[in-house]
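Both of the next two complexes hold chain A, though its partner changes from chain B to chain C.
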Partner chain A sequence: MNNSVKPDASAAVSPGSNSQSPVAGHFSHLAFWQAMGPFLVFAATVLTVSLVNPAFLGGTGIAIVTGAAASILLVALGQAMVLHIGSIDLSNAAIALLGAILMAMALPTFGIAGLIAVLVAVTFFGAVNGAIVAYCQVPSFALTLGMLGIFEAAALVTSGSETIYVTKNRELVTVLYHYRLAGVPLTFWMGVVVALLYWALLRFTSVGQGLTAIGKNEAGAIFAAVRTGWLKVLAFAISGFTAGLAGITIVAQAGSASASGLGSDLLLPGIAAALVGGTAISGGLTNPVSVIFGALTVAFVPIAVQAIGISAQAQSLVYGIFIIVVVVLTTTRSRDEIIK
Partner chain B sequence: MTITIPPVVRLTDIGCTFGSVSAIKSVSLEIQRGEVVGLVGENGAGKSTIIKILAGIIPPSKGRIEINGIICSFRGPKDAFKAGIGVVHQEQSLFTNLTVAENIDQHRSGADWMSRIGLQRWSRVNRDATAALQKVGVKLDPKTYVRELSFIDRQMVEIARAVCIDPAVGGTPLVVLDEPTAILEPEETAVLEREIRNLKQFASVIFISHRLDEVLRICDRVIVMRSGEFILDKPSKDVTREELFSAMAGRHSQESQKGHARSPKADVAAIEVRELTRRGQYRNVSFAALPGQIVALVGSNGSGSDSVMRAMFGAEPHDGGEIKVDGRRVAGWSIPRAVKAGLAYVPAERKIEGMIGGFSAAHNVAMVHPGEAAIGPIRLPHLRRKVAQSWFNRLDVHPNNVVQPLVYFSGGNQQKVVLAKWLNSKHMKVFLLDHPLRGLDAGASETVNAQIRQACDSGAAVVLIPDTIEEALDLADKIIVLRDGEVSARYDMTIDSNLSVQDVLEKMV
Partner chain C sequence: MDKRKLLHGDWQGATSWVVILALVIIVFSFINPRFASIENLRNVLVQASVPLMLVVGATLVILMGSIDLSVQGIMGAAGMVWILMSPNARGGIDYGAWAWVVATGIGLILGLLSGVIHTLFRVPSFVVTLGTWNVGVGLATILYGDSLLPSLTSEALSQWPTRLTLGLPNSFWLASIVVLAGILLIGFTQLGRGILAIGNNEPLAVVNGVPVIPIKIAAFGIAGLLSGFAGILATMQLGSGAPGVGAGQLFTVIPAAVIAGTALSGGEGGMVRSALGVFLLILLNNGLVLAGVDPNYQSGVFGAILVIAIVAVDWPQRDRLRVAK
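Coming up: the complex of A and B.
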């Protein structure tokens, strides 16, 4: 986001500078869409569904959608930070689930301290990913694909393939799901706060500027004295940490954790949410605030498909087509750019 | 009976607009068989647009293109190629992971059914490539990979690719050379000049360059473009360099102020390399630059000068010898450390290493030394724009829009931003510049040179790899000549003040 121009800023520039090139005009149009696209797509989806089925959004509809979106949002935010430097983290959903299992095991004995210890551990897992990518120069796709398997196995082993119920201190986390602020569970608000923090990090700090520089042009960043190695470690550590927070939302919602239960299929929705939120898979263009709407859209569409009354068999088909169309609409690109 | 041969190219009333901006207003042009036409103009004058229209990359908004008497409307580069127009673009456009022959044959892919389904008759590909190479008089094995070739050889392959066109309708091919000499070293340029004279025998040539002397030497006719119009079109022998310059810029050339009155500000070298060695690159290179001094490293491609400079900036390792900053030997040298010690580096590969194109110009200016736009690790966007704006005013950057991504600026304006990035530090100690004027027009070059001098006057030591030897003679206090990785000559301009280009050239080859 810190690279982009807010629509109002570019609008303020246009009348004053008469030497504006046509590319610049094209660019401010893009900047507007980049900032607003994901929100508009979500708003349009909600509008469509409430027109077809007005009863849907009444009552607990919002709570259900945002509750389901919370874990997707957190995984997507971590993913977006890694995508921002031009890498990908295929292991972060597995880290989230492993984190959830460890938390469910640690909560009865250690309470809050257990949660914090697990958060530290998952942040470290992420940092290990980053260190291997940065210093052993392993492509992130290959490395995290391997790590995905390792963390999944770790989740199975630590849980003994069983559901771990939080027998004591359960209310410490379940309150996050059950307590609602403006009809929205705290788990989702946690995601919103994290998104705002990451947005500020990218926009207002030297660290954020360095991360963006790596995503846009790594060679250029190196020659501008950006410490690319440790910033890569940081991006993956952020992904691990945020996955840990997603683990909290899983336990908060289910009151338990298991290797095949709630939260075991977050990887692809997480990537989809980051992309629908306008994140470029090639790096350098991430707006964590837009990812909020990306996650909402991704969580909302399966529910919406049911609400409109599309038959169960066709649901994934509609979901798939929708995601493709939305990514076409929200991905920021310029005409001369090459998309791989 | 006399048959009038139509001109190779006839452009009638060609115009090209992007949105509300007209890049080319209305130009007409005829090029005869065997003619070499020089096209000059500042960056943004519309030269590239003309070339892109001829190459079929962009369609003109109006006007008529006739090639060898046939009216053409190109739907893509392939159509232009078929009509007999071969373009050697400014940036090298060869596929380095393919062989010479594959590159030369590139435009033919899909010409017959076999290649359309992905099959190649290698004997034909190699035979055609050999013929094309012979036509331009270069001895190269068509089966070598392009990555193994030197710059000049690559340029020759590009030319071979451009001339292996056999216009489908017969007639004379047109070869367009868009700044072919920008990345070549002086002795390579000589080879290219010979090549262009050879091309005249069977083709017409459009030659684009920023080096006016070169244009006057090579071309039969020179056309000056400014703001999308042809404002001068004369035979080379009837026009002077000064006339070209004032036509291009709309003002008179400022005679280069020789700045040899400079005196070093201190006697401890700001930067010194001693016996610096990297196996396979350079050996025992030693020199020093005092504060307030400009040292030029001169050498052809492969002389190792660029590697030495990168080692000084901590961007490449070295095997032996030492680097001293302010008289102190550095250890564990890296780019972040070098920058912290007050070094700055403008790389030759501007778009890849020198800048972050997707970032706004303001971000690029404040990238390394944010100045007042930073409070500790916090960055303040509005102050960043202010800092950038002050540099935009000082260096006259166009368009005057600091939030526009840098990639949308022209080369000269990009380079000004790259300079601003380093000049925004108040403590610059050493300024390393690798080909800072590459691809820049006269106006931008003047701005850049003035900033280099100013940095020097305010106490920085400047180490410069110039584009041309003239540039070194104009700017430098000391010249270090490198040949095959070793220092072959050193000149102190206060003593050797009547050094000539020829003297230096002799030490280079």
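Coming up: the complex of A and C.
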């Protein structure tokens, strides 16, 4: 994970290291997967469910799945922005849960102002992650693993290991889950809007191009005077902010928040959704709009698993295999690269 | 490389570590005199056994510059397999020694799987092991099912870890054997040399004909096997099977290896230091609990230690043109 840009042995020996791996080189279908894969996987999952359980799609099934997909989608969008610069944020699901707890505590007294204050706070937490990665130059997975521990402890301590019920002003957020537009809860539409905004950010702005440059070739970006440090802080801050929005969807759905309740298991589904959505773990390739289908697919997994007759307990097994298979299929590989 | 050599060589830093550990013991015994009692120190040794076994495998992998996040999942899967094949409340046949073989075998297979996918498909190890972590948890959850809690019915087995042999708990003896094997593996075998070579400079190892891929797969396999073994010990200590038997271990093992100076970029560190790192964290945790600190703070304290340790280790290497992902 730690590459130095000064000319070292890896440059000198590159011609000899070609035979290093039997399955090296690009998969030719990568471009096709990037464009169509997420949608096709989603379609296949829906088809499976509708064949085995035709009643599901007719009733309130859609509302239930999209409701569950909303928090996964938001966590995945934040993760995708960090994956885009070639890093990873293992702490963003914990930030979402801490955010949900803080919101549940702030809502009764401060209302909307409380929500905004918490969103500012979680954005700051994300920015701290980014600042340490950018300016202390530590590997992001190790740093955010440590931060995950800190945020988990913070969630337990602030909630006193109890469920925080929103006693007043509850309808301010629960309306987001209960009001449906075209049969889909507003929480999910919020995710869709965020996805479109992030897509536009990456596609049309110089900030977005800077992020892409870091993901594709960070050394090159540094030499091209891209402000890599600042942009890294931004990417992690976006991850923190989006995790805060995921926190809103958690409170909206449950009307309460706790360290072990709804939303306490979002890390892996979030990463899986980003990867199924065609985001490359090596960075530089992210389409937030595809992540929408990734999140829907991941939200469908528990239902699909049950529909084909496997117990719901197999969920994490399925997520685990899902992540491995998708990463194997989508990682970009170059011949001389050292993979740690 | 040399800029970071805070502790040169695996043994040379050990004396200063013993001083640090002694200081921790003195400070905490002033806060709560019970801390330095023989019973509590034996208790610390029992608590340290599982992370000591895990840290051997984790150090092998980190020395190569890779990472193994799957420990807790493999512990859960191996622990459940072991208890269901041993005398437990659900009945079933007692397979005796075969339970150990099959359970550690599951760990070995999951570890080898991580290694094979990581090397042959060239996927970063932290993603692969994030996957195998959940595969392990999933296997354990399926085995756990909805039926009766599989508690250990054999008194002899459930008391074995805390029973004393020559004044020290059995589980600590077991862990010591594993650590000793790890020291010998790193210091005196081709596999150990190969692991250090890969961590120090992988491209150079490749051109020098070091069999990089088999060595990496072997290291992940050994780490998986030891996680399985630790899962059995943890299940015995708990007295019943649980998919979450390894909960929190990742936050002990990785910070322990890193504060002991095992660089996450590879090539530097050693078993002795990692083992001392485990002792420091376990003493710290035990001391905080005895000092009346809410156990909810534990993952936060260990997380903060990890953050400070990686920043401190990488600080001298900062460079305007350095790329850290």
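Convention: the second predicted complex is superposed on the first by the 277 of 340 C-alpha atoms of A that agree within 3 Å, B and C clash if a C-alpha of one lies under 4 Å from a C-alpha of the other, contacts with A are read in each partner's own complex, and residues count from 1 in each chain.
Going forward, a residue touches a chain if its C-beta (ideal position, glycine included) is under 8 Å from a C-beta of that chain, and two chains touch if they have at least 3 such contacts.
In this text the structure is predicted, and so the values were computed from the model without any measurement.
When the two complexes are overlaid on their common chain A, residue A:139 makes contact with chain C while staying clear of chain B. Measured by the number of chain A residues touched, the leading partner among chain B and chain C is C. Shared-chain residue A:45: touches no atom of chain B or chain C. Looking at the shared chain after the overlay, A:212 reaches chain B, while chain C stays out of its contact range. Look at A:153: by the touch rule set out above, it reaches chain C but stays clear of chain B. In the superposition on chain A, contact is made by A:315 with chain C only, not with chain B.
Of the two partner chains placed around the shared chain by superposition, chain B and chain C are both touched by A:222.
Residues 2-3, 5, 9-10, 13, 17, 20-24, 219, 222 of chain A contact both chain B in one complex and chain C in the other. Chain C makes touch with chain A in their complex at residues 64-67, 73, 117-128, 130-139, 141-142, 144-145, 201-204, 206-207, 212-213, 250-251, 254-255, 258, 264-266, 294, 296-307, 310-311, 314-315, 317-325. Across the complex, chain B meets chain A through its residues 18-21, 315, 335-336, 338-340, 345, 347, 349, 352-360, 363, 367-368, 370, 374, 377-381, 398-401, 403-405, 408, 421.
Only residues 1-6, 9-10, 12-14, 16-17, 20-24, 86-88, 132-133, 135-143, 145-150, 152-154, 156-157, 161, 218-219, 222, 268, 271, 281, 283, 311, 313-321, 323-324, 327-328, 331, 333, 337-340 of chain A touch chain C when the two sit together in their complex. Residue ranges on chain A touching chain B, taken from their complex, read 2-3, 5, 9-10, 13, 17, 19-25, 27, 203-209, 212-213, 216-217, 219-225, 227, 284-285.
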